[in-house]
Structure formats: C-alpha cells, structure tokens
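Please see the structure below; I have some questions.
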Amino acid sequence: MSTKLQGIILAAGKSTRFNANKTKLAERICGQKMILYSTKLLEELNIPTTVVVGYQKNQIKKIITKEHKNRVSFSTQDTQEGTGHALAITKDIWEKEHLLVINGDVPLVTKDIIEQLYNKHKENNAALSFVIAHNPDPSNSSYGRIIKTDDGIKIVESKDFHGDTHEHCCVNAGIYIITKKFLTQHIQSLENKNANKEFYITDLVKIASDKGLSVATITAPFDYVRGINTYQELWAAEQVKRSELIKYWMERGVRFSVAQNVHIDLPVSIGSGSYIGCGVHLLGNTTIGKNCKIHEFSSLQNTTLKNDVTIYAHCIIKDAHIETHAQIGPYAHVREETHIGSHTIIGNFVEVKKSTIGDHTKAKHLSYLGDATIGSQVNIGAGTITCNHDGLKKQKTIIEDHAYIGSNNSIVAPVTIHKEAYTGAGSVITKDVPENALAIGRARQINKGGYAKKLRNRKETTDAKKTKPAKKDVEKNDDKFAFLGARVIDQDIKSSEET
Amino acid sequence: MSTKLQGIILAAGKSTRFNANKTKLAERICGQKMILYSTKLLEELNIPTTVVVGYQKNQIKKIITKEHKNRVSFSTQDTQEGTGHALAITKDIWEKEHLLVINGDVPLVTKDIIEQLYNKHKENNAALSFVIAHNPDPSNSSYGRIIKTDDGIKIVESKDFHGDTHEHCCVNAGIYIITKKFLTQHIQSLENKNANKEFYITDLVKIASDKGLSVATITAPFDYVRGINTYQELWAAEQVKRSELIKYWMERGVRFSVAQNVHIDLPVSIGSGSYIGCGVHLLGNTTIGKNCKIHEFSSLQNTTLKNDVTIYAHCIIKDAHIETHAQIGPYAHVREETHIGSHTIIGNFVEVKKSTIGDHTKAKHLSYLGDATIGSQVNIGAGTITCNHDGLKKQKTIIEDHAYIGSNNSIVAPVTIHKEAYTGAGSVITKDVPENALAIGRARQINKGGYAKKLRNRKETTDAKKTKPAKKDVEKNDDKFAFLGARVIDQDIKSSEET
Amino acid sequence: MSTKLQGIILAAGKSTRFNANKTKLAERICGQKMILYSTKLLEELNIPTTVVVGYQKNQIKKIITKEHKNRVSFSTQDTQEGTGHALAITKDIWEKEHLLVINGDVPLVTKDIIEQLYNKHKENNAALSFVIAHNPDPSNSSYGRIIKTDDGIKIVESKDFHGDTHEHCCVNAGIYIITKKFLTQHIQSLENKNANKEFYITDLVKIASDKGLSVATITAPFDYVRGINTYQELWAAEQVKRSELIKYWMERGVRFSVAQNVHIDLPVSIGSGSYIGCGVHLLGNTTIGKNCKIHEFSSLQNTTLKNDVTIYAHCIIKDAHIETHAQIGPYAHVREETHIGSHTIIGNFVEVKKSTIGDHTKAKHLSYLGDATIGSQVNIGAGTITCNHDGLKKQKTIIEDHAYIGSNNSIVAPVTIHKEAYTGAGSVITKDVPENALAIGRARQINKGGYAKKLRNRKETTDAKKTKPAKKDVEKNDDKFAFLGARVIDQDIKSSEET
C-alpha cells in the first residue's frame, strides 16, 4: 500500500471483561494468537507498524517479536488512560502523512477493508476516516455508537451512550486513518470528561466534524470488524473464522461430515478428495494429502499425512509424519517424532512415540512402542510393550525387517531383534535375537487337574461360614481362598515343582 | 415473597406425546429432573407448595421428597380430566389469599417472572393474572392462544384453536395467580365441552373477563416459559438452559472452544482462566479449579479438579478427586473413589478405580490400577495390571513411595511392594517385595538359532501343498506350522530343556 | 402413480464444482448414495425410469444396478452439452404420454412434490410443468431464476442471469413434467447461445409460454428441492435430512442429548425410551431396541442392539449383534461377526473381533478377544490377549462356561479352556486346560534383598561421573545401570540361579 501510511496498533488494554487475569491478546483464534492478526495484516500491507503495549507488555512484545523479529516497534503506555492517551504516547514516532490506527482486538479485519478506507480517505481529502458497521445484535452494547445529526458526526462510547441501541445500530469498528497534520494539531484537545475518565480517539471525530473538516467513513460487514472484549465475543469471532476456513476447504474439494464442531487452524492445508469427520481437530502446521479420510473425533496437530491415508475414529496424532496408504486407529495415540511408513497399520489402543516404523508393518492392538526403530513388514503382536525406560533414561529398541513379535511381549531396551526373527507369545525379550532365530522367554504351562474345583469348594465352604480371614491369615494359611493366580497357586506350584 | 401466596404445581399429566411410556417430569435438563425446576423455584420464593400428581405418581413423589423432604405436599388426581379438574382437587387445602398455579413442565421460569406477575396481580387488583409470551415459531401449535377482543380476553387451548397461528402468536405460558375468592366461586363453573373433553383452567380467564373482573397479564420471553410436551421441546429447552450456563461461565473467565456441544449441569462450577474443549461434558457435582484445561471429548462427573489440572482429550472421569498440576489422559478412565495426587501423571489407556495415588507418581500407559494404594514418586511401567480380583472378592495392592514397577507386570493382590523396591519387566508379583529389594518373576530368554527360518520353510512347504491339517493333527504332529508362541514352540523348548 | 408417466433422471454431469475429481452422485447423504434418492423415489412411485449417464458412468450404473437390478435403464450422454441435449438423447425411449424429468442431484424431493406437480400438470392440461421454490439465501446464485412478465414465463440459468437475486428469489428446482407431444415437437428447437454454450431444458419453458401453451408450476419448500453442486450444498442438504430423521425419532420416543452433531443413516431404527448422546453415529443397517442408552461419542454401524443395552461413551461397534442388558464400554471396540450375550459386560480398552460371547460373561479391561468362542458366566481377567495369529493364519480360542481367566494371560490359539477351569494371572496358555483344572504358566517370583538400593547407588555414582557408557559397554559391562527388568537383572538372576 501507500508509502504515506504508518500503523499504530493499540494493545495496552487490561482485558478486564475477560475476568481471567491474563491478556486477551494472547488468546488464540484458529490457532493464531489474537494480536498477530493485526500485526500480520499490516505487514502484508507493507505498513510500518508500532504497537502500543501496557498490560502484560512483555508477553505481548515476545509474541510479536517471535513472529516479526524487529520489524515491529513498540511504545509503552504505563497508565490506562484511554485510546486517545495511547495514541498521544506515540507522537514522537509519527513520520508518515497518514496514520492508520487500529485496535489490537479486532482480528478479522481484511486487507480489503483497510484499502477501501484509505481510498475513501484520499478521495474525500479527509482529516479523519473510520470504519463503521451495522451491529445485528443491538443488545450487545460494547461498541461506540455513531451519531449523525445536522450538526455533523460523532461517536459516543458505549458507557456514555444512553440512547436506543436499535435506532443507533451503526457502531464504530475501531479502525481509523488520520492525517498527521490534524492529529498533531488536535491530539492535545482530547478531554477525559466521561464515564471512564479516559481520553478517547473517538472524540477526534467530533473535533474534525465541528471544525468543518472532512470526515469519511466506509461500512464493513459486522463479522469482519467484531471487537473482542469478552470470552463470548472471542467465541463468536472464532466461529466466524472457522466457518470461513471450512468454506474455503469445501470449495477446494474437501468433504466435511458436519462442519459446526470441526476445528481447523489457519496454517492447515487439506488435499482435494479428502473427508473430514465430525468433531475432527486439525491444528497447527498440519498438512493432509489428497483422498485422505479422517474419521470422527480424531485430532491431528503439526502432523503430515501423505495421500490416501486413513485415520480412523478417536485418534490423537501430534508431531508425526505418516506415509501414503497408512491406516491409523481407531484409538491410536501417535506422538512426537514418529514416522510411519507406507501401507503400515497402527491399530486400536496403540501408542507410538519417538519411533520410526517402516512400510507394510502392523501393530494392531494394545501396544506401546516408544523410542523404537521398526523395519518393514514387521508384525507386532497384540499387547506388546517396548520397555524403553531403564529407570535412568530412555533406551532404544530395534526391530528389523520381517521380524515377527508374538503377542504380549515385553521388549526390554536396549535390544535388537534382527531380521526375520520370531519371538514367542508372552515372552520377555532382554537379549538380542539373531537373524532367523526364534526367541522365547516364558514359563511352561502346568495343568493341575481338579484343582479349580477343589479351590472352588473351599471358597464355597468359606462363603457358607461367612468368615473373613485377616490379612495375616491369608498370607500364612494354606487354606486361604485367594487362589486365582495368587499366592495359593504359587504354593501349589512350588509343591508340584518340588515333587 | 408475600405470605399471602400458596403454590399448586400441576404434575399429573400422562406425557403422552413423549411416546416413551414414562413421565417426562423425571427427564433431566442440565442434570436436574424437570419437576424439580418448579418445586425449587417455589421453595426459593418461600411459597408453600402442593404438587398434584397422577401418572407415575410414586416416582414423582419420590423425586420431590428426596429433594424437599416433607416441605412439599401432594394431592392426587386419579383420572385425567384436565388442568381445571386437577386444580379443583386441591380445593380443601386452599388457605392463602392467592394461589399461584404453574405447570410442572415449564422448567425455565425465573423468580423474576413470578415476582412480576404477583406485582401486576396486586397492582390491578386482579381476580386472575397470567403470563403470556410471543411464540417465535407459529408452526408450533401446542400452546393455548390468547384471544383479545372488544368483549374481553380468553385463552383457547391449542386443540380447540383453528385460527391463524401467525396472527395469534401470543400464547399462554401456563402460569397463573388466582385469588382464592374468585377460584372458590367459579372453579365449579368449568365445563368440558371441548376437543379433549377436559376441564381447563384457561376457561377461568373468560369467566373472569365476562364477569368484568380484572384480568392482568405480563409478557415473558418465550425461552423462559417454554412448555415441554415432546422430546423436541425438551431438547429445545435444554439448549436454552445450556446456553445460559455457558454464557454464565464465559462471563466468569472461562474459555470454551466451541460452545454448541458442551454439556454443563446446573451444580457445576468452573474457575476463571480455565479452558473447556469441544464436546466436553461436565456433569453432576463437578468442580473445576482455576487455570485447568479440559481437552476435547472428555467427560467429568461428580469430580473435583484442583487448580492447574490438565485433562487431555477423550478422558472419562467419575467420582474422583484430582489435586493440583495433575495431568490425566488422553484416553484415561478414572473411576469411583479415586484420589490422584499433585503433579501425578495418568496416561493413555489407563484405568484407575478405587485407588489413592500420591504426588509426582506416573502411570502412563495401558494399565489397570484397581483397589490400590500407591505412594508418591512411584513409577508404574506400561502394561501394568493390578490383579485385584481373586475369584471371590477384590483384594488390595499397596505400592509404597519411590517404588518402580517395571513394564507389563501382573501384581497379584493382596500384596505390598515396599518403599524404593523395584520389579523387573514382565514379572508376576505374587509376594510382598521388601524395601529396597529387586523382585523378578519371569522366565529367562532362550534364542534358538535358525529356528524361525526352519519353521518358515515348513510353513512355505505346507502352503505349497495347500494342505490344511485337522486340529487333531495340529495338536499331535510335530510338523505343524502353528509355530509362533504356540505349541510347536513349547515342544521345541521342551526338547531344548530336556537335552 | 399414473401409468401415463415415465421418468428420466439426468445424471451425466461432471461435478465440476466439487473439485474432487469424482462424481458427486456417489457421495452419501445420511448413508445413502445421492443418485439413489432419485431412483428410489421414482421406483416408489412406480414410474419406469431411465437414467442418463456420462461422467464416471460405469460407477453410477453399478450403484444403481446394485440397488434396482435391471429395473432401471440407462442412456449415455458422451459429450457435456447440457440438460436439453441429455434429454434429447433419450428420445427413442419416450413411450408414455408424459415425461417426468428430474436432476440426479436433487435428493430431498418427496413423493408428495411429484404427485402435486403431476396433479397440477393434468388440471392445467399443461404442455410443461415444473417446480419452483423460494431461495432464502439470495447470495446463492447457482439456481436458474424464474422470470414472469406480461409476455409469459421463462427460466434464466444462473450463469446467464444478471438481475437482482433478491427480487428474483424464485428459483427452478430442476423437476419437470413435459408432455411427450410437446417435447417431440420442440426438443430440436433448443439452442446453445448462452454463457455455457449448452442446450438447456429450461428454454422449453419459454418456448411453451411463447406459443401460448399452458405452463404450470407448483411451489415447494426450498429445503426439499436443494440442488447439490458444491460440497457446501451437500453439507447443507445433509443437515436438512439429518434434522428430519432426528425429528422423526424424537416423535417416536427417543431422547437426543444434543441433536446437532448426531449422525443417523436412513435405514436406522431406534426403539422408544432410548437415549442417544452427544456426537453419536448410528450408521448403515443399525437397529436399536427399546430403552437402550448410547452415550456420547460412540459410533455404531450395521449393528443390532436388543432392548435395554447400554453402550458407554467412546465405543466403536461394527457388524455386531448385542443381546439384552449387555453393557459395552467405555472405549470398547467391537468388530465384525461378533455376538455378545445378554447381561454380558465388555469394558474399557477391550477389542472383540469375530467372537461369540455368552451371557453374563465379563471382559472388563485392556483385552483383545479375536476369533474366540466364549461361554456364559466366564470371567476374562484384565490384559488378556487371545493370540489368534500363528504367523500363517488365524486360529480359534474356545473358553467354556464358568471358566475364569486370570489377568494378563496370553492365550495361544488354537486352544480350549474347558468348563470351570481356572488360569493363573500372567500365564501363557498354550495347551488345553481340562474341565475343573487350574492352569498356570509363569515363572516364580524371586526377591533379591537390597538389590534395588545397590543398583540405585551405582546409577547415582554414574550420574555423578556424568559418563555415558557406549552401547557395547552396556552390553558387556557388569557395572551398567540399565537395571530395571533389563539385562543386568538377568545377569543377577542368572548368578542367583547358578549359586
């Protein structure tokens, strides 16, 4: 845009009405912190920008600097004396012919609105121009009202407005372009004789109007200029933004089963032909390929899916990379630093963390795979656990191509199971398994005939007696009934082993 | 309120249009049974109350008595002859100067509406006063219509109304204040010459009007006087109540990610700075501290979270108490009588029941902890199961401070693992482990070189032959291919053990 | 309906605006593919039907033939030259006196609309009759506009319409009845002098009107005649259909906790007194009995629930049959070919596949039951896994009545656990267990006093030195600290075993 324009973003306010003791400007809308909507808008428009900070200023500066490096400058308003006071503070840095002043809590403003306002400002040779909108909910009284009379135009702040909100449904959006000349002459004329005892930018409108200077306005859709002073307004604004994003992806060939409860962050991209189920969350830098299916109630964050991946219902996937035709879930939890190969299947109640898994591998049931490198065409039996923590630190598990891990294995890292090796069901694997070897680490089964019946009879006898042996007795007494896989069994086995 | 007022709640109807063979008055709205909205409202207003019961009267009496003890009295209407008949039945207990008559299926009425109605009733010195509302959906014809003519005012019940519902959009809310004097004189004048052959209270309006007595009305917002005659109306009313609750908590500093599908019951409280994700259910007497995070699709019932607790996605928590900075989930199922300590982590696919867990303890993966007392700074390895059922009853597991349970342990209760003890991965723990001891209960691993290859060759040969051995053969034949952790392996191990 | 009517469904279009490279007509709405809404409607009305196919014609023919066998015939439009061209192609098969022409992408049309249109057509002795609707969203410009002037009536296709969409809010629904006589005379008069260079059926309206022939119209609710040209329109139509279905079931005594995100397919049926929670998906041929409860976020597909079944939250059930009073979940995954008996309990993190389970059986925690036949009154301990895959194929597990499986068992199929048998916790069961026998297959526990402390000291010493042994060292060195269930333990046990 014009090189005659510089930007001032007002971001010093206290977020009082949020009642949460933190600045609203750090709240996220579709994954992006609120204040960055304004700063990024002005950067896109090539408008050099100063942000006036105050409440929780260090946090806000940190957020902005992380995004914009040193391309945005700051002024500090130490006392809360209103928007006019905030603007006055920046006086020394006014350089350009016109100042664009915008509230930091109006995140949905578009480039188009700023451009329209500037064009109107120039066309009208205005001293001051601003954006107005029709408020569809007159009960919402938090906006300044536009009052046009034969004498001119003015804005009355909501706390000072006592008229009919239905009649005066045109509200101030908090976006102004003001000539430096006018501002320099009149910023000191502002007074704080109002309900809040604050200096208001909005009073400049009346000053310009009273002096017969040109005041220009444009009208923008209310949804784009929603200000955010409460959690309700934040929620409403996020609804608008989410609807926009969903409409955008629908137009690009993405099917949504029910759009009202899907969460999509700004940076997400979705390939055409993909399907997004009910309640799906796509967060952060998530990239979905073409013809993927994400079923109901699954959440993905900072995750890449290549084409033709299926995520079944109720999955949680974060910081992972998943290759084509993989199938994940339902109820799979895929965590950070995980890479899952093409055509690989990760099934239900399986957690994968910091692991690399090759192609055409299966881990379908009730497993924990952590800090593991697993090859291709491997089969991980149900209930397998990589025991990756040795009490001191995490250890690595390596399972090479074509290995077959039986069910319910405990794989005690560090350990390597070499190519085409097998392990028996129920094994505890503590030593490396050579290529093509069979490893088995479990006890042999013993059947003790009639023993269950005998124990059941004891139990029933005990039940009949309604006696309840003390714990001490249970431990010592051979007649105890805690027979199922409990001590009595060990006693029995011991006897049988001894004989 | 005035001591001149007594209340009659009409709760005898058949809930016919629910089509569910049960009284609608026992259906819950935001966790509270419908009939209690009326009874609690009148109790808050200090209005002595009689409830007219009929259909499923014992159930309704039980619900009310559980809440109000003997502070509410009952009359019984044994035959379904209309609201006028129901009111007539209570004649003997009319004591106060005015009777407040209210339907039991109008749960969203506020104190303010009753107070306004009574004030208007007194101001107008009315014989009868009632509440009307503008029905925004004229297609909904289940309400009595208000007909005002030069001759006076009357209410026409919906089944008898054949006019234009758009024109007559003012409907009867079913809330009346009637002087005892008027009622005593005219209750017997009611007739049942109408579509339903019932006696209607609403006909008293015409009687009063015809006699030139004062009839007063107030107008209330339709949402607050919604009557509930169908599941659709129940759903609509609950939507209104939920929105109210969400707005209430938003104003107190709680962020909701998407409010439309969040369930909050009436008694729930939420601290400021907390975040409530998509689809979260907060039910019963649940109390959320400050700065807690409840992520998407988690449900909490009768649960207390202290400050700074994080509940990750897809958790179900019921009747539990969770201390500050604990982290639960995702996919954690925390059940009754559970107490989780400060900074403790309960991870994915973990179920905890009737257990007390200390501070800074971790149970992160695929575990079942039931009837356990677990100390502080304990580590519970992945896949650990407390075998708490001995076939007869539940037994207790005690794990003391700083103990470290290896992965995939079966801990057979009753058992105590003492302080700073360790257990090896894959162990079955059946005996107490002394302080500082290492317990291990698992078989040693044996690798049989080349055996996997040999078995694979057999399998391939068998495949080539396309023969399918009978089960009997599989059991007997050494040449079988059920080699993975199956019998053949046992045979092999046996051989190796024997040699 | 009348035997003088035959139907032509236009289904040759390219679905260009879906941007997904596949025909929109195969997209599902409430579980039914879009094209089948039209074909089934006409079949219900006994109207012999021809479908004009083009884009992805084989797929569309296959979908229709699967449903209707050879009761529907096809014509092929090889080039995309518009609806008029598509209709002209069918000329040879025009047999009946009137042709019903309907777009294949207008799925919500009702029998009533067709019948009304035909009645009006006959009453007016019309050459051509069609359905119009009031479009409530004028910004949606994808519909042809109805223009009525003193000169007559015509339809202007949206791409050729440049008027005020607010003023001309009446749109063409794409449903026509045309006399064969008129059509035969004038189909060749259509021209393609328009924005799209296509031949339009809609131009027949102007032709009839210009010739002074009778043109009849009926007006239908917009929701029933929504055309689907984008994923947004598909989503909107599915919302309408879902709301209809939910209203339908509410009227039949079903309670929905929040209806906006519930998915119900067309063939689903739900018994009265049942409760459907937030986000529940009821898909395919699912049948729910009376007084069932389906809690939040559970999905059922092609599943039968008998009366009084409870499905707790977060379950996924597909192709299963569940008897009365069973309780499933939360977090249960019940898969294909599963039959669950009366009063049986399947608990959390349990997967069941191709299994038959008797009555009053319990499998409550962290289990995988695949290819199993399980009797009645069986108890399956937590963490139990049926090791059903032997590396070659799936094998069967049989567990007979009253058997009790201890926790954390690995049951290696093929295997039978006979009646009233018991297995110890942590066992690997590889051999059949006789009736009444106790089977145990696990190692005995050894406690090594003070060993944990010793190892901890070594660890701390190592920590203090901040040395990090190479993996080779770890494997060889007796001083290593990978002590928990890892190799050092095995070394220790070995020593203790040797001494």
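As written, the chains take the letters A, B and C, and residue 1 is the first residue of each chain.
The rule is short, and it goes like this: a contact is a pair of C-beta atoms (placed from the backbone, for glycine too) under 8 Å apart; a residue touches a chain by one contact, two chains touch by 3 or more.
Bear in mind the structure is a predicted one, so any value in this text is a computation, not a measurement.
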Any chain in contact with chain B as well as chain C: A
Type of chain A:chain C copy interface by residue overlap (half), same or different: different
Rounded Å distance between chain A and chain C, as computed from the means of their C-alpha atoms: 28
Multi-chain contact residues (two or more partners), chain A: 260-261, 279, 297, 314, 331, 349, 366, 381, 383, 387, 389, 391, 404, 406-408, 410, 412, 422, 424-426, 428, 430-431, 442-445, 455, 483-486, 489-490
Complex contacts: residues of chain C adjacent to chain A: 18-22, 27, 230-232, 234-235, 238-239, 260-261, 263, 279, 281, 297, 299, 314, 316, 331, 333, 349, 351, 366-368, 370, 381, 383, 385, 387, 389, 391, 404, 406-408, 410, 412, 420-431, 433-434, 436-445, 455, 459, 462-463, 471, 474, 481-487, 489-490
Chain B contact footprint on chain C (complex, rising order): 247, 250-261, 272-273, 278-279, 296-297, 312-314, 330-331, 348-349, 365-366, 379, 381-383, 387, 389-392, 395, 404, 406-408, 410, 412-414, 422, 424-426, 428, 430-431, 442-453, 455-456, 483-486, 489-490, 492-494, 497
